[in-house]
Structures are given as structure tokens and as C-alpha cells.
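Heads up, the thing below is written out as C-alpha cells.
Just so it is clear, A, B and C label the chains in written order, and each chain counts residues from 1 on its own.
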Amino acid sequence: MMKTTAFITAGTLALGWSSTLIAADGYITLASTTSTENSGLFGAIIPAFTEESGIEVRVVAVGTGQAFEIARRGDADSLLVHDTVGEEQFVADGYATQRLDVMYNDFVIVGPSDDPADISESETVSDAMQRIAESESPFASRGDDSGTHRAELRLWEDAGVTPQGGWYRELGSGMGPTLNTAAGMNAYSFTDRATWVAFENPQDLKLLFEGDEALFNQYGSLLLSEEQHPHLKHALAAQWHEWLVSEQGQQAIADFEVAGEQLFFPNAE
Amino acid sequence: MNAHHIPPVTTLELDSVGFIHRDQTLLKPTSLRLAGCQRTLIMGPNGAGKSLLMRLAHGLLTPTSGKVRWQGEQPAQAMVFQRPVLLRRSALDNLTYVLAIIKTPRPELKLLARKAQAMSALEKFGLTHLAKRPARVLSGGEQQRLALARAWLLNPRVLFLDEPTSALDPAAIKAVEDAVLEFHHSGTRIVMTTHDLHQARRLADDVLFMHNGELLEHTLANDFFTAPTSSEAAAFIRGELVW
Amino acid sequence: MPINDNAFSTALSLILSMDSALISIVMLSLQVSLMAVLIASLLALPLGAALALWHFPGRNAVIVALNALMGLPPVVAGLCVYLLLSRAGPLGEWGLLFSPTAMVIAQVILVLPIIAALTRQQIEALHSEYAEQLNSLGLSRQRMIPTLLWDARFALLTVILAGFGRASAEVGAVMIVGGNIDGVTRVMTTSIVLETSKGNLPMALGLGIILLALVTMINAIAHMIGETAKRRLG
């Protein structure tokens, strides 16, 4: 037993806690969505911010619902999500003091390349969703109370459809896993463009519907309440919040491309 | 006997000691007095309760009735089992182990001193060449000698042996019997079970004869072998009461 | 990092490129899991041994609970640790959430029942063999524990490896309490989840192959140590 312990100790000590030593002048924890992290946006813009401010940004990428919960419990210093209605409620509830538009991208509908519901012919997203429901074509939904899931549910409602039945699969997964599943069962799915463009396992899926204004996907940054959680790094978080809407921040977002395609469009006031 | 400079062995008294396990009487209430530096052999057929009596006397088991008493201070004891329980270490380490954990701590016995003492015990029992060997790959006879060497280091005033030779070949039996005599010469009282009549004749000063969980006789060896009082003992000696 | 259709060639090119991000992920994985196993062993070995030696009311309930906890879903352990360490939780003051320390704590909870329950079984078996001899030597139960743990060392090495296997393979707990933060709490398993969610399946599988190779290597080293020592000491 002693030998084993010694062996493990030696191994552990030799490794050291190296990665915890990278911290710059300070760091903040940012709760955000998988779409921003998975597309590579943060990897592209955070280094610019860190270089300018000396502040490291640690991203915890989760669904919007969980991101709100993390911020509500005081476990993140800053919040960047895409559910404007929920964000305004979050401010109204007193958990955040300010919400600013940062950027938008858009949602798209992807599906099997032979498009059995013919949604590529649709003029509006409502029409496209009605066609899917009427043809009862398989549809893979996030089903995880994320910003994307909430947007999808609002669009079903606008289309006058109650999505239920064997064709409608609620997966309870993040965007990536949902796309993997949709690709596996050749189903339609509702996704943000950034995740879709960066997604590498489309199999037979194709982008079939885009461009309706109703598919607009706004991202907002929230300044969390000092009153609710005095221990948070509010000063550092405020620098990040302001940088996002500054000229440099907005430019960094505009410059981010995947496969030559701009994925996020800065629109701070 | 060269026991004149060694304090006399304290007397062991069993006062109506009985043992019941799961409603089965394994030992009927037994009273018994073991005095002096004798070699006492407990005899009887299998299942007579010999090992049980010994474990009660040594304190490994607590009687369900009656009392086990030492007159005066409880002496240092050791026990050697039918199948020696050796630690998963080298022969030498098995011996240094008991020196390290021995009840009366002897701080002057530092590691090197312990090793030297253990080596001398190995030598005494003819095991020097096996010091580094894992104890559990030794032959049956070597293992039993190592168990005796371990007991030797405990410096016991009373040594209990439970059928120590039943699984050994004649040469190994001889070595164990020699060791028993060696213990006795150095002033250690011997309490040993056996069902080997020849061994009992060779070693016994007095004999306890047991049958069916009952102590039937406690007599001097000579009397036991020539004129047993109970018919069971007589049958046992004739070889009719087989185990 | 290079991307390839074949997981094996991806794994190979990852290893050959000695990518610094990959190395730090691998190192963090090993640190977290080894530290968790070390701490869990220090607690669980004596605990398991004590459970084997002492009989007290409620002992069976403890044993059943430990056995059941061996199957505790990592995500549940993660959630419990998350609620404990969250700012709104009882230990929020410590500010440990989303740190490697939080991941170690969660894995200790996952590994401890395995090591304790299996140690209890091993020590109980060994004790039934040693009990009379050790009692005869006048050893108290407390003083038997080091002897029994040492003499069961080869079996316990396997027990500890089982714990390490669970720690290094789980993702549910470290994902929740670590947050999969790039460069801070991203380990092999959470990277695999991330790459899978990006649809980058060759990369995910490549990382999986590296993880498997590492775990195999550690098991092989431990096995060799055990076998050599066994031959030497019997």
C-alpha cells in the first residue's frame, strides 16, 4: 500500500498544478452559451481583450437556462446569452443591473437534403414549420430550455402548431449533440447558424431555410447585480461588458469568420 | 531442569469453564488446574474439544460459562497452530514484525537490533538460509519451524501448540518435537494437543484426556498409558477409538 | 490541431504534434484523477479496514450504502458538489467552483465508496485468516489495521486501480463542477464531449484513444510493480 501511495504521490507532485498558474492580472468567469463557445468565437475575441486589459476570461459554456441559473446563484461574474425576453426578466428580477445588445446571428432550419417537407420552397418560417408538422417529418428539438430551444418554441407558437407526436423528438441535449442526433436519424432541426457552420458531422443534412427576420438571434451581455452578489469581480466584469460593446470589441466580433463566413454581426448601440 | 533462576510458571486454573455455540454444548463445564513447568498433552479423538479447551486457556475464545484464571500476573504466552499463519512477507520480516509489535515495548530494540535478534532465532531453528524467502512459499515443516521461531522471540512462559505436527513428514516432526523440548528446557510450560500416541509417550509429563466435549482424565503420563481409569481412554490407547 | 477522417491517424498526429493545449489537458486529467485517488485512498483504506474489523449496529446499512454508492451516477455526485460549492451553497465562501480542486472533490466522492467497499471485502477475507494469530500476539483491532492493509497490498493495488479507472473515465461530475473551461478545467473527458458536440468525431475519438492509452499505461506500470513485488515477497 505504501508503495502505491508513494507512486501516486510522486506522479501527482511531478505534474504539479501547472495549469492553475497561468492566471494573468485577474480573471472573470463568464457563463455563456454553447453556440458562442463551440463556434470558436470566444477563442478568437478573448485573447484580444486579455491583451488589452490583462484580464483572463474563463468561459463556462452551457445552455442558456443553466447559464441564468449559474449567474443567479452567484457562480459567474458575467453573463452573455441569447434570450432577450429572459434577459430582460433577469434584470427586472434584480439579478442584473444592465443589459446591452452585443451582436446577433440567426437561426436556420436544417434537414435531409431531399427535403421531404419541401421547406426550401417556403416564404416564411411559419410556413416552413407548418409544412414539417403537416408532413410529420422527423424533427429533432433541443428540448433543454436553452435560448435556441426557447426561440424554437416561440416559432412553433407563431406558426399555430403544437409540436407533439412521434415525429417530434425532444432530445434534452446541447446544440452539437442535437445536430449529431438529427444527422443520425435524418431529421429536421432548428439551429443557430454559428454552430451549424462550425459543425463537422452533417452527413446528409443541408441548410434548407434561412433569412426570415423572425429568425433573428440577439445576444446580450448582462452586468450582474452587486447587491445580490457582492463577492463577484464586478469591476473586472464591467471592463469585459464595456469592451464587448466598444469599437475594438465590436470589430473583433465582426472579424471572426469560419470557412470564410462571418457568423456574428455586432450591433451594439 | 535448569529452571532454578527463572521465576516459576504461574498456575492456570479453569473453574467450571464451559462453551456453548448455537445451542450446542462444545465443552461441558470443566475444572482444571495446570501447575508447574510441565509438558501437558491434551489427547482424545477428533471433535473431543481439545483445540477448544486450548483456545479458551490461551484467551482466544471467551467461555460462555465459568472462569479462566491465572494465579498472579498473566504470563507471556504464545501459540503455534496446526497450520501456521505466516504473514505475506519474508521469513525474516515475519520475525522482526513480532519484535516490533510485541506487547511490552522495548525501545532499545532498534531496527538493526531487531534484525539481529530475528536472525539469531532463524539460526536457532535452522532457517538462516531461508531468511529472504517469502514465508508462504516455504515447505510445511519450514513454515512450522518459522512459527516456532516467532514464538521463541515472544519469550513465552507458556507455549500452546495445537496439533503442530499433524501435517508434517517424520523429519519435520522430529524438528518440531526437538523445538518443543528446547522451549521446555528454557523454562517454558508446554500445553499441546495431539492424537499421536507415540508422540504423547515421547513428550508428555501429564495427560488430559477428552471425549465428546468432556474432560475425562487428568493424570501423569505413565499412569495414563498403563492404567487409564475411563473405558474411553482405554479404548483410545488400544487404538479402537479412532478419530 | 490537424483534422482527419480517421480517428487513429488523428490520435497519432495529435500525439506527434505534441500540441501544448493537448499536453496541458492530459496533465490536468492525470493530476485531477491521481489526486482524487490519492485522497480517496488515504480515507477509504483505513475506513474499509475498520468496517471489516468492527461489528457495530448499523454496520450492514453502511456496507449496503457503500456498495450502492459504487454505482452513484457521476452527474449526481457533480450536482451535489456543485450545490455545496456554489456561492449560494454552504461552502460557497471557499470560491472553489469551476476549479480543479472542485473536480478533485467530486471525484473523491465517486472513488471513495469503491475503494472503501472493495477494501472491506479484501480485509475481511484476510482477517478471517489472520485473526487467531494476531489475537494470540495480543494485537488490538486498531493495531491490526496497518498489518492487514500491508499484507493485502497486492489486492488493494487492484482496488485502487479500479478507483482510478472510475475517476479517469467519468465526465458527468467534472463537467458540472469544473465547467470545462479552456486551459483551466478542461480535461480529456470533457474535451471529448466538447469535440463530439462540435461534430468533430475523429478528434473526439482520437482524444478517447489517447485517454485509453494513458489509462492502459498506468495500469501496466502498476501491474508490473505488483507482479515484481509479488515474485519477490510471495
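Definition applied: a contact is a pair of C-beta atoms (placed from the backbone, for glycine too) under 8 Å apart; a residue touches a chain by one contact, two chains touch by 3 or more.
This one's a predicted model, so the numbers in the text were calculated from it and none came from an experiment.
**Student:** Determine, using the mean of C-alpha atoms as each chain's centre, which chain is farthest from chain B.
**Tutor:** A
**Student:** Chain pair with the most contact pairs?
**Tutor:** If you count contacting C-beta pairs, the leading pair is A-C.
**Student:** State which chain is most central when centres are taken as means of Cα atoms.
**Tutor:** Chain nearest the overall C-alpha centroid, as shown: C.
**Student:** Round to the nearest whole Å and give the separation of the Cα centres of chain A and chain C.
**Tutor:** Roughly 32 Å separates the two chain centres.
**Student:** Compute the distance, rounded to whole Å, between the mean C-alpha positions of chain A and chain B.
**Tutor:** 78
**Student:** Indicate the whole-number Å distance between the mean C-alpha point of chain B and the mean C-alpha point of chain C.
**Tutor:** That gives a centre separation of 47 Å.
**Student:** Would you pick out the residues of chain A that each touch at least 2 other chains?
**Tutor:** Where chain A is concerned, no single residue meets two or more other chains.
**Student:** Per the contact definition, I'd like the list of chain C residues that touch chain A in the complex.
**Tutor:** For this pair, the touching residues of chain C are 3, 24, 27-28, 30-31, 34-35, 37-38, 41-42, 45, 86-89, 92, 95, 97-100, 149-150, 152-153, 156-157, 160, 179-184, 194, 196-201, 222, 225, 229.
**Student:** Quick one: in the complex, what on chain A touches chain C?
**Tutor:** Listed in rising order, the residues are 1-5, 7-9, 11-12, 15-20, 22, 29, 34, 38, 43, 58-62, 72-75, 174-177, 179-180, 183, 198-202, 229, 231.
**Student:** List the residues on chain B that touch chain C in their complex, please.
**Tutor:** My answer: residues 55, 58, 60, 77-79, 81, 85, 87-90, 97-98, 101-103, 133-137, 154.
**Student:** Write out the stretch or stretches of chain C touching chain B in their complex.
**Tutor:** Interface residues on chain C, with respect to chain B: 129-130, 132-133, 135-139, 143, 147, 151, 232-234.
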